[in-house]
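As structure tokens, here come the structures.
In what comes next, subunit A is part of two complexes: it sits with subunit B in the first one and with subunit C in the second one.
Here is the complex of A and B:
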């Protein structure tokens, strides 16, 4: 009976760890299968093509030009190596507005005729046509388009995921924004956190320490949306006033909030590292006549270096993945900038803000998963690096 | 203990069975749909479960059949329509209310009216300083909703003439955040649903005829359709489930339902 009970215990433990592992693997597989499918597609709404009048010599179009054409920044074909001819834009909505339901047919079976009618009437036309309606009744040239590539995704400078007809998926400003905010956060939080850890571990009395520790840990328990709200109402106006800015929602505001949020991680881990320094090391230092300050600087910190590095890196990891607080205070403008006093947009904030409204399974949806893959790779390499460092110590 | 659990389970399945209509979608429609569902239940006509998530989410749920009604703050896109058609589902569209968008600035801003062309210039980044519009020498800070929201889409189509917003536009996750930010930023401009109006920001009059006449964003002006930036709020359902959903939609369109529309801050479709 006792043996059976023991076996049962082992079984339950093994089962739970198995379930956890499978869950994690499934999440990763799901993430990458959605994210990677982004790269097999063209940055146009699935099922649509872009075509021009048959007399137009243009055969290829890149996303940037296409956006500028549909933004009416480019209004003449001669600006994109074509003949001088004003550009006319045609989308499905235009067809819907220009032709009656009867003309299009109940099942939209006459849509091609409508399109053809529209296109033949104007030599400057560029039209967005549903692929299955692009029959031989439409006399027009289909334009070639590049597929999304990892290079264009990472290097692209414009993030307009809902631009029509060709969306702009340039993750570069988002990457820069994420790094800028996280770097700022760690530069603020590391000295402060380290100082706090040294104070708690080496300088103050046990009694004060026993009060301080729960307070620091309380910081970790505050929901991130509360931090975000605090940032929006207090820190953003403060930054605006102090630096005389037009707008207070900046990378700096995000860095300050994330810095505060990373503090508990940094303080508790580096404090543990300092506490773990063997008593003999301390005593040896004092025996050599070192002052308290010299002991901390020359013995304790070098000895606890790997623990402190771990604290810093885990703090960065916390900052990179944080969503809600950043979403509320950084302004979310997809600027490519290294100026910490400018609004930026981070990867997690982009995913959180856009996923809810992105049509399920569409190209925009998948681009957000591709972003999530990048984020996953970043945090995973951070964790691997932490492992590497702590193993080196042992 | 076990008896209690069984009791709770049966109770909860009972509740699930009573929720015979599911409505999902736009967060703009959400507060209205909730109020309508409450009084629908109070009137003893049955219950409706209401969830948000966004217009796109609602329509996607309609496609896979996990909701009966999809609420949307934008017209269904042609490609969504085609996908539904491919799935063999016939869709019906009902406009249940109108929502007016107002353009807001910081209360200390001297500007009180703008034309559509000026708004387009501001939001696409061509006009960068208030002095170009006769205001003080102050950089314009543009706040917008997130690119995937129905409000963003509507503003882009009807105010920006389908052009894209500038890169430098600050995008906010919610309307409340726009009001908060505009109220504390001197050079700010943003757009919100008229129901969110409060005294911490100033609403601008808008002209859609090159400045010949300007119209204030009030419920009155939106109702007599002199105010131009008005968008319909939609419900979509599959024709085959018309029997189940029709009573609720009729209730919203009834005079009682439309009174709720007005009290929630939206504009009734039937006067």
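Here is the complex of A and C:
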């Protein structure tokens, strides 16, 4: 009995150690099951189809073209490989405006006749029709529409997840925004963090170093909303003033705040790497008559290179996944731009900003999970890579 | 230029940059403290918000955050410590240990917004907890778990093997040794990890956005299935909602200061324990 009880206790310990593994697996399952079902859907409002006049040679349309047609950016069929013919849009609203309630029927039972009447009257028509009203009384060609594909998701340049009738799920600007902001952050944080690590590890006294440690820890402890708030009331107006911009909410503001937030990671890890350089290496360099600085530059930094690389990569990882601070200072416009003085929108910020409004289980909701999958894959590969190099070293 | 001159210049630059890093921290802290200190008084921390949060206090946000801290720690601390014990005392070095550690590292690297999505998908929707303190606490607990595991492991590793051997020599079993010898000795360091993760949990916003946080709820939560306000989300809403910035800003500064104070206290306590420990 006593033995059984002991085994039970050890079993509980063993199970606890599996919780993180189980969690990671559950995250993968939940994220990807929602995220991947996005690619099983078409980007049209559920319950609707799109049809054209039977004489129209077009049978297929891609989401971008379709949106531009309904936005009246494209006004002639010849622009989308059809015959020259002005495009006429027909939505449910148009039918409602053109036909009386009597003609449509009390239960909308004659809606199909109204649609058909409208479509036959104009060869350039493109109609959005409720699927259940698309009966054989309507003489029209239903257009084929592609499902969301991974390629169009990653390469698409427009992010209008609630556009009607065709939503646009192009994550390219979000990817560019995320990388732009993170890259900027690391370019700011790396020199600063490295200098600080060298200072703490090589230059200053043990006493001052013991004061610096809590400073770095505190920098890591400040919540990201507080950083975001600070950025919003100090950095953003500053950037606006210095660069004479209309709005200060820019990629640069995001980079500065994220750079500060990445500092502790970079400082801690590169300081560790410098501390791990064997004493004999330093002494050998000094024995050759090298100054302290020459030793740092030619012996310590090359030796600690992989540690410093790890620091930089983990810093980038931290920056890529950071949500609240970026959401508050980057302006959140889905621009594809490399200009750091323009507003941008990152993947985490998009998820945080839009999930609240996206109906549960809808296509918009799933597109945000698909974004989270991308985010998860990026940070996961960063961790695996770092793990790989640290194991290779050991 | 001589080598000595070069070194002088290089060190000057490095010193300046290091002072800049320290300066950044003090600017941020100083800014929040100076702007926030005038706002904080007894009414601010003990009253309900009024007038769409533009007046009154932030009591429900403080209470909500305290509940979230308690809930997440109640869940993560025992599991984290047990996991750390198993990892350090039972698992031998090998593929299994490497795998578990890799997964723990991976979990630590998952962005907080992904935790939020996951918490919503699992706790709010699948397990039907709804937007609730329970869902939020579990999500935050999972986020704190890797930190607690790692500090527990480190704390156990720091215990000299002579402790273990002495105990075995007295005829104590392994489990008994862990409970009576190892854990008490490692306890201060484990607590340090706990305190630091409390600091982290109290400030996280993204994981609670879709699992618990209520925009404006001028009452206290009744049960763990209730929604609640929380300090970091409150600050986010106050900082970004455009209506009446002049009235919202002071409350935002006050809320930020309360958050900072929580983090400061956690860090101070952790450092204090470490210092006592070292003596």
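Everything below uses one rule, namely that the second predicted complex is superposed on the first by the 305 of 394 C-alpha atoms of A that agree within 3 Å, B and C clash if a C-alpha of one lies under 4 Å from a C-alpha of the other, contacts with A are read in each partner's own complex, and residues count from 1 in each chain.
Please note the rule applied: contacts are C-beta pairs under 8 Å (C-beta built on N, C-alpha and C of every residue); 3 or more make two chains touch, one makes a residue touch a chain.
Here the structure is a predicted model, which means the values were calculated and not measured.
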Which chain, subunit B or subunit C, ends up touching more residues of subunit A in the combined arrangement? C
Contacts for A:67 in the overlay, against subunit B (first) and subunit C (second): which applies, first, second, both or neither? first
On the A-aligned overlay, A:277 touches which partner chain: subunit B = first, subunit C = second, or both, or neither? neither
Identify the partner contact of A:328: answer first if only subunit B is touched, second if only subunit C is, both if each is, neither if none is. both
Classify the contacts of A:192 with the two partner chains as first (subunit B alone), second (subunit C alone), both, or neither. second
Just checking: does A:343 make contact with subunit B only, subunit C only, both, or neither of them? Give me first, second, both or neither. first
Give one of first, second, both or neither to describe whether A:360 is in contact with subunit B, with subunit C, with both, or with none. both
Touching A:240, do we find subunit B (first), subunit C (second), both, or neither? first
Answer with first, second, both or neither: which of subunit B and subunit C does A:127 touch in the superposed model? neither
Is A:143 contacted by the first partner subunit B, the second partner subunit C, both or neither? neither
On subunit A, which stretch or stretches are contacted by subunit B in one complex as well as by subunit C in the other? 232-233, 328, 352, 356, 360
Of all residues in subunit C, those that touch subunit A in their complex: 3-4, 6-7, 10-11, 13-15, 17-18, 20-22, 24-25, 28-29, 31-32, 78-80, 82-83, 85-87, 90-91, 99-100, 102-107, 109-114, 116-118, 120-122, 125-126, 142, 145-146, 149, 173, 175, 196, 199-200, 202-206, 209-210, 232-233, 235-236, 239-240, 249, 252, 256, 259-260, 263-264, 266-267, 271
In the complex, go through subunit A and note every residue touching subunit B. 45-48, 67, 70-72, 89, 92-93, 96, 107-108, 130, 158, 160-164, 232-233, 236-237, 240, 246-249, 327-328, 331-335, 343, 345, 352-354, 356-361, 364
Tell me, which parts of subunit B touch subunit A in their complex? 53-57, 59-60, 63, 77-80, 82, 85, 124, 138-139, 141, 146-150, 152-153, 161-164, 167-173, 177, 180-181, 184-188
Enumerate the contact residues on subunit A facing subunit C in the complex. 6, 9-10, 12-14, 16-21, 23-24, 26-27, 30-31, 34, 191-193, 195-196, 198-200, 203-204, 212, 214-219, 221-230, 232-234, 260, 263, 267, 290-294, 297, 314, 317, 320-324, 328, 348, 351-352, 355-356, 360, 368-369, 372, 375-376, 379-380, 382-384, 387
